[in-house]
Amino acid sequence: RGYTQVRYNQLGATNERLVNLQGDRSIGKDGGFLIRRARVILYGDVHERVSVYLQPDFASVVSDQYHSLVLRDWYADIFLDKKKEFRFRVGQSKVPYGFENMQSSSNRAPLDRSDALNSAVKDERDLGVFFYWAPDRIRKRFKSLVDQGLKGSGDYGVVALGAYNGQTANQKERNSTPHVVGRVTWPFQIGRQIVELGAGGYAGKFVVKTAGDVEAPGEMRDVRAHASFILYPQPIGLQAEYNIGRGPELVDGRVVERPLHGGYAMAMVKLGDFLPYVRGVLYEGGRKFETNAPRYSVRELEMGLEWQPISALELVAAYVFAERTHPEAPYPQESGRLVRLQAQFNY
Amino acid sequence: RGYTQVRYNQLGATNERLVNLQGDRSIGKDGGFLIRRARVILYGDVHERVSVYLQPDFASVVSDQYHSLVLRDWYADIFLDKKKEFRFRVGQSKVPYGFENMQSSSNRAPLDRSDALNSAVKDERDLGVFFYWAPDRIRKRFKSLVDQGLKGSGDYGVVALGAYNGQTANQKERNSTPHVVGRVTWPFQIGRQIVELGAGGYAGKFVVKTAGDVEAPGEMRDVRAHASFILYPQPIGLQAEYNIGRGPELVDGRVVERPLHGGYAMAMVKLGDFLPYVRGVLYEGGRKFETNAPRYSVRELEMGLEWQPISALELVAAYVFAERTHPEAPYPQESGRLVRLQAQFNY
Amino acid sequence: RGYTQVRYNQLGATNERLVNLQGDRSIGKDGGFLIRRARVILYGDVHERVSVYLQPDFASVVSDQYHSLVLRDWYADIFLDKKKEFRFRVGQSKVPYGFENMQSSSNRAPLDRSDALNSAVKDERDLGVFFYWAPDRIRKRFKSLVDQGLKGSGDYGVVALGAYNGQTANQKERNSTPHVVGRVTWPFQIGRQIVELGAGGYAGKFVVKTAGDVEAPGEMRDVRAHASFILYPQPIGLQAEYNIGRGPELVDGRVVERPLHGGYAMAMVKLGDFLPYVRGVLYEGGRKFETNAPRYSVRELEMGLEWQPISALELVAAYVFAERTHPEAPYPQESGRLVRLQAQFNY
């Protein structure tokens, strides 16, 4: 099982210096065709109390080599009870922070996650131990929200707690203290509609990579809190998340602790095989996982149409207005517009 | 499904400076045993109109690390009609240029592809969108030419058109213009013999990597045309291809556009489990995908015997006379002879 | 099929400079959670005379990128007789040297292999051709020693001979001469107990990587011999191995040929799902596969408890006293104690 996303972002692009390395490295100059994600998932119950989920990505970049393999998920769930309401998750897995981060990219309507919440945990994942609890009927509801094409997040518990390295996925840990995270969320059934409300936060010490003359403390405070609102598309969907926090940010040649905030709001309509959507994103703050943790100021509006004529194939076309900080010193602001195209294969 | 090739090229080698990095990096000094290809293929129809084909190689070199994973094929076929005569192929796949490039290495008799046509598309593949058409009865003929052990190419259409990045497989695109390619081929049934005639070409702009004091334009013309002739071995087979073109070549410290040409001719006989063959290769021109695009002058004669006692195991022994340009400045010509051995496992 | 090991080595660690890069890179400073092994194995008989065994590791480090893929095993067995007593193994596989090296890490009680024998063949494997012979009834005994949870090695023959590159797994060969290896071992049934005695050795020329001002000959002698004793745990098990040899070692800024020696002794008791064990390790000699081949002086005592409540899940806690050479110049001795924790998932 798995999925693949092939993209082309060069049509109608007005500014080749407008790039988004965190989201899609084929936006901007010399983009061309890109395999954005190439996933094959092995999973299953190996015992009534143990299941495994192994998901490598085959289109990662390792030291300039395109299309090499890097892990995404690689974990086991150990269930504490027969109904599987309580479990520990051990290995590399998604850090329970926010809704959009939890949702699979194969289900998300916009092409990339919002900077606002995704900058908290690049690649959404880290290595550690997580505890999840969800009552059986809510587990079923989480599952049905995905199965019915309502763009659910899957089951990351209604209560989640965890400890993890904190340097984001597939990175060496760089200090001796783990990050800790907590989250609560609940999908309320209100008549025929389902509304999910969630909130949570994490705290830890992050070690920023520096280059050139930039100085940074050995480790720095990295804390955030978020709130999420989701009205699932039956047929009109609304989705909004916001987070605030403090973390590393480059200021005048030094990385210091600074406040950050940002979020997004999205509306969509489920019309048979079609799903038009519009999403606005705002982010103001550092990107801790980039060298020197530069400050990003992001405003992006994406209007798109997802078409899934058959379950195996999904096509998305979107038009994007964006203003983003350029990822190289002196980090100027760049703005532009472009057409984005994606073909997704599910298997 | 997949196959693995293990090689040893040190017996009787007369010149340790005779190497062939494009073909087999264990030829020459410090070669030893080599896993040349380690392939596992996942493929299948995920819908009556969509199939996927995912083929990583597990014995690639990533930044000096041997035996890491890099993609070969990763694509989906989207069929436009029920008979599957018309289709789009999206993702990374073989660029339809030549016959030997299309043929699987698990079926080819000589150990490496000829420099002449393979220098057009290193690793035979690129990322883009391709259109293929082949009538149903020819699709069946393509398939039967492989299934009967006649060393066919598989079905890459009788008409093929495509647009792709152009920097060859698993590389970042480096300009804003795609390459375009076209090819026609037809396997004629003439009595009990099958003769396939094909021709095609591609055009695009290629960006050469440079090092040292070498200068190169930002992008350079890269065009080629080829013709192919194949008499399938029932029991005597003949195969010849030739291509001409223009592309980047290092001349006196500058990379400039220069003509290139080359081809090969091969004869083989299918004698039960055995298949003796002899192939001569000629190439005169630049290798665009190497740093500085040095000029190669290649003459190679390979006489070999393939033995496939059971479908799971194929052994090849060959004796090679070769004259090749050495891949390091000042790029001298080296000539020599060697014994080549290969064990191939099919699974 | 496969297994994954997740570890945490930071509890009670008394010396952050005590590290063991060959065994577990999360011991010492900035360790955190670690996926030590992430294995998926594809294997099967592709013919009555040919079987394949393909085992990549998904948690390897490739050029600073964590959680990338590098091969462990990738070989085919070609059986010469119907009873499968005689076979050639072609590809990358374990070099038949010692008992602990042959035993799967999923079966070994201590968390890492002993330096003493593992320093002979880092990652236990190399690329080449091996010959194995074992009578049918001993093949069955090897198999049953694994299946019954008695921590057997699997079947690497009672007689083993091989030729291989010699630069250890996943490395480029660096000279023109292969290493050769031979081993004999026999599991004697004595009443209800099984005692295995083994011995063997290898010889070859190794090429040491150097850095800085260190000088080394082009290639150096690398020879070792070992003896092994195993009393399988029914319920009390004893295990001891020792090896002596000569190989590269850094002395006063030059890499020279020097003697080396070391071994380990272990006792364990199989008590239902629990298996307490204690192992002492000694090694005095160079580590040829590290840059400059520094001399290591290792003394380690590990006391641990393995608990396998269900076949899918195995938990290990151990307390370690260790004195080890630090892997960076000037290579001081470091000593310390730490708690080691591991969760292993089998699938």
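The letters A, B and C name the chains in turn, as written, and every chain counts its residues from 1.
In this section, contacts are C-beta pairs under 8 Å (C-beta built on N, C-alpha and C of every residue); 3 or more make two chains touch, one makes a residue touch a chain.
Because the structure is a prediction, the values reported are computed rather than measured.
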Call it same or different for chain A and chain C: same when shared residue numbers make up over half of all numbers used at their interface.
different
Rotation in the CA alignment of chain A with chain B, degrees, nearest 5
120
I'd like to verify one number: the distance from the centre of chain A to the centre of chain C, where each centre is the average of its C-alpha atoms, in whole angstrom.
39
Chain A touches at least 2 other chains through residues 62-63, 68-69
Per the contact definition, I'd like the list of chain C residues that touch chain B in the complex.
42, 44, 46-47, 49-50, 52, 54, 56, 60, 62-63, 68-71, 74, 76, 78, 90-92, 127-129, 164-165, 169-176, 178
Which of the residues in chain B end up touching chain C in this complex?
4, 6, 10, 16, 26, 29-35, 38, 40, 58-59, 62-69, 310-313, 343, 345-347
